[in-house]
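So that you can tell them apart, the chains are marked A, B, C, D, E and F in the order they are listed, and the count of residues begins at 1 in each.
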Amino acid sequence: MAAYTRFFAYLTVVFVAFMFVNGLFCKNPMAVTADDFFANGLDKSGDTNNRLGSAVTPVAAAQLPGLNTLGISIARLDFAPYGLIAPHLHPRATEVFTVLEGTIYVGFVTSNQPDNRPNKLFAKVLKKGDVFVFPQGLIHFQLNVGKTPAFAISALSSQNPGVVTVGNAVFGSQPPISIDVLAKAFQLDANVVKLLQSKFCASA
Amino acid sequence: MAAYTRFFAYLTVVFVAFMFVNGLFCKNPMAVTADDFFANGLDKSGDTNNRLGSAVTPVAAAQLPGLNTLGISIARLDFAPYGLIAPHLHPRATEVFTVLEGTIYVGFVTSNQPDNRPNKLFAKVLKKGDVFVFPQGLIHFQLNVGKTPAFAISALSSQNPGVVTVGNAVFGSQPPISIDVLAKAFQLDANVVKLLQSKFCASA
Amino acid sequence: MAAYTRFFAYLTVVFVAFMFVNGLFCKNPMAVTADDFFANGLDKSGDTNNRLGSAVTPVAAAQLPGLNTLGISIARLDFAPYGLIAPHLHPRATEVFTVLEGTIYVGFVTSNQPDNRPNKLFAKVLKKGDVFVFPQGLIHFQLNVGKTPAFAISALSSQNPGVVTVGNAVFGSQPPISIDVLAKAFQLDANVVKLLQSKFCASA
Amino acid sequence: MAAYTRFFAYLTVVFVAFMFVNGLFCKNPMAVTADDFFANGLDKSGDTNNRLGSAVTPVAAAQLPGLNTLGISIARLDFAPYGLIAPHLHPRATEVFTVLEGTIYVGFVTSNQPDNRPNKLFAKVLKKGDVFVFPQGLIHFQLNVGKTPAFAISALSSQNPGVVTVGNAVFGSQPPISIDVLAKAFQLDANVVKLLQSKFCASA
Amino acid sequence: MAAYTRFFAYLTVVFVAFMFVNGLFCKNPMAVTADDFFANGLDKSGDTNNRLGSAVTPVAAAQLPGLNTLGISIARLDFAPYGLIAPHLHPRATEVFTVLEGTIYVGFVTSNQPDNRPNKLFAKVLKKGDVFVFPQGLIHFQLNVGKTPAFAISALSSQNPGVVTVGNAVFGSQPPISIDVLAKAFQLDANVVKLLQSKFCASA
Amino acid sequence: MAAYTRFFAYLTVVFVAFMFVNGLFCKNPMAVTADDFFANGLDKSGDTNNRLGSAVTPVAAAQLPGLNTLGISIARLDFAPYGLIAPHLHPRATEVFTVLEGTIYVGFVTSNQPDNRPNKLFAKVLKKGDVFVFPQGLIHFQLNVGKTPAFAISALSSQNPGVVTVGNAVFGSQPPISIDVLAKAFQLDANVVKLLQSKFCASA
């Protein structure tokens, strides 16, 4: 394998500092340190001073390079009193949600059921120390139903789980989805759709 | 391994006809025939005589047992003139959509973007013979923009892809999601939410 | 993570336009458009004016970059009257085959069976709207048994399924497999093997 | 598919209440409730009144049936002052560890390195809100280096991650590993090995 | 979870001794012993007194239950002088082949190439201690080119790799593939196809 | 797709000779030869003239580039009389071990058991032709219990399985794990820990 090795050695001169895995840069293994497996700041509440009164602080491969290829990430979720994380889904991950402070009403809706039966909602009011599972790709939400701030930590089964907030994706995309589609799909008057689009556009 | 084999043989008396894989029954391999890998009827239009003017005819593991464990399924999609498959997603599959007849406006919306930038819509008007990809877990829709019926065939990267129609899951679940959550999430008046819930309840 | 970020920023100057995933180039995510998820031309019959009277038009990651990493692809299959897609297999994918026009005799052969029992053929004559599954890695074929052109669409459970046409791989490879191997394996006279090799060489 | 359906219907009489996936029982989907996705008690400290001064409270598929097949689980980790979770590994999972209270010295050791270079230790003292990654299958430990109780939550990339505590597996297994193996492997006198085995046997 | 636990307890009475994973029976974990991870006999040559002068002795999940779900298996391959393992493929596994005795000519053929270029043969004469890789789903063969018996051991990347011997699958299946398909595909006279079918039928 | 193709063509000038998959360089597919799937030397005993009297000769993706992405590798294991492969584990692979010469005592220890029951040892004395499975991530060992050299071949279910030798990782890492951790975890006096660390440091 001598020729092959020389070929590698030559490339090493040019590419000494990095490689690519899953589209992210990888450090030279010799240069890796403990800090590549470390992140901080999850003790601090995110800024919930916004329309919904909630904040998400992710720790995924984009924030913590050592997670790349390892299939897991976490996030801290903060809620002002009555704060809401609006209905959303993770296209590539299941979420395990643990309440660390407060009282939170959570739920997810199943896939469409056979025979036109309605989608089922599985919901529950959670207290400190309670755990709930949101299966991959299903729409779910979390609402602080208490008078005090709440927070939780979530584990997600991907280093790059993604988030799709339903309202924003449907009514706030750029460019917008055509009004015909939205009016018919959501059984709304076209003017209501336009109003919603302008609201989501402003609140993005 | 003689003892082990006898143990197996004993069980075979009891369980001669079936085993379980992924929660579905499996036939005795000796009894499998070509029909276990066969389905029919995809030449027939689904019934589009409904509110949205569309129909989905799936061929997945529930319909075609031979697909179990194989990671793929298909569906036929029919559209009356101006018929719509409302915004929806597949929690466990990417979809490759091919137009076989008609002119169909399709699109999907990306995951939430960094820095509060709006979700992007990737949309296009497709004609006969055009192909479009809807990545796993992302919200997408298909609207017949022609005056004649249209149909398409979709390939899905799971034998059990699931479907979540956004409007039905959000406004039509049983039991319903609390009005507080929906009013705040979608920036709608509580009365509008109630009206939507009654509409989706009736149209299910 | 400041130092790490600077390191990334520096690289971004050099690698602004592309990254690699699975050995394919990836566009800068900011530059992606709907056309990266789009292909066309599946309404047009492939050219079946060849020895076998068939044509395959693939839409996989090589043709449609947006499919990379998504685990699915499709193909259009055309058949002249009595046209044949010769026995072949996909090393990395299961195929779901749907007849859109014509009458097609299809089949696949199982893996070797225990106790030297012969491999089983599962075969069926399919009509328009019929669906058949060819499990991953098993040899299968499709023959138009009608007097008119036929075509089908196939879904494949990989963005890069690969195709191995058995006759070409066995008798038409470059360099050729040794005649000793082929004569003994296929119970053929060495001269017949040579003749076959010259035919497949010419027809490639 | 009528005959097949009848076959299923017959079995449904016998197996109406359960199916098997991954060796665990599955409830009839019609009987699933929100409680199948719920666990509680993670607000309570585990009992750290033991030799090491630590406790692990897992929430995996064995405790929370809804996690089966979803590829993720969590655990609460409690530490008395100077309490230790001894060097251990997870054979099927990466761990993301978040400190919720206290000051914890953590570390993992890499795989064997080329050219007989020593395995590298990546270690760090973590405070409240700090996050650290322990990649799949690598030996790691956590020591409360503060004078007060500490606790953390861990996310694991499997619904059934497994735990192998190195000291217990090596010196406390039943039956014990032969003294010849352990004395030679750990460069210990046979009497020291025997002493260790008796200690681990007693402390199990 | 009390009700759930009782439900489990009840079932345990009925199903105390086994569960199913991947369609194979699993022993009660309490009853597992070292013998469930053990097989023997790979020191003995298989019986090569047959038409091809070769024998395959597999050690996969069917022979060694402890391999189930673990994604790997092995086999011993024996060759009389000039013995052949005829062109075949593994639908679900890559093979790593190591020569332990003898001189063996091996090769595999790539997938079909773009632009009608012929499939490539990668072949080599291997001696004792040489290793060769046959990627998943590609047709490959092994021929003892020495005057003495040879043997090898193969590692396969699945607990259930499957084997498709090309000649047997194509010309020896039950029922047979139609002569029209085979004559056209292999550029053979119908009478030659019939002759081949009778030969493979007899040699099965 | 013309613009896209030109973009590719341009890059091809710069990157004509290589691409990256899983962080390893890939050769231009046109330049691949049979030697990229070939390794040799497994007929030669590794050098067992060391403290443990054993040697491991791996053939994984680092040694045999054609294994990259294929999920399998092998190794030759040599033992002097009474030679030991010390307790170790593979973080990303199950191992199937086959004795080719000699008499070898092998075993693995299970994960921690429920209810503080001790980890179980599954062990056996193997002779020539015997096969044993070491499941992914579990600690195992192999000891030549004969008076003559022994050797074995192992198949591993990853192209990059990794090895963690427990003694080296725990007592020989650089920098060392704190003595507090090791003394408490292994129920050893701090001086014994220091002695072990100095021994493993010297023997690395």
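A few notes on this one:
Following the convention adopted for this analysis, a contact is a pair of C-beta atoms (placed from the backbone, for glycine too) under 8 Å apart; a residue touches a chain by one contact, two chains touch by 3 or more.
Everything numeric in this text was worked out from a predicted model, so none of it was measured.
Here the chain-to-chain distance from chain E to chain F, counted in touching steps, is 1.
Counting every residue number used by either copy at the chain D-chain F contact, over half are found in both chains.
Taking the CA centroid of chain A as reference, the farthest chain centroid is that of E.
Per-chain CA centroids place chain A at a distance of 22 Å from chain B. Note on chain placement: the centre of chain A and the centre of chain F lie 36 Å apart, centres being C-alpha means. For chain A, residues touching at least two other chains, in rising order: 20, 35, 39, 107, 123, 135-136.
On chain C, the positions that touch chain E within their shared complex are 52, 82, 84, 86-87, 89-92, 105, 107, 109-112, 116-121, 123, 135-139, 141, 143, 162-178, 180-182, 184-188, 192, 196, 199-201, 203-204. Interface residues of chain F, counted against chain E in their complex, comprise 32-35, 37-44, 59, 64, 66-67, 70-74, 93-94, 96, 98, 100, 107-108, 122-124, 126-136, 153, 155-157.
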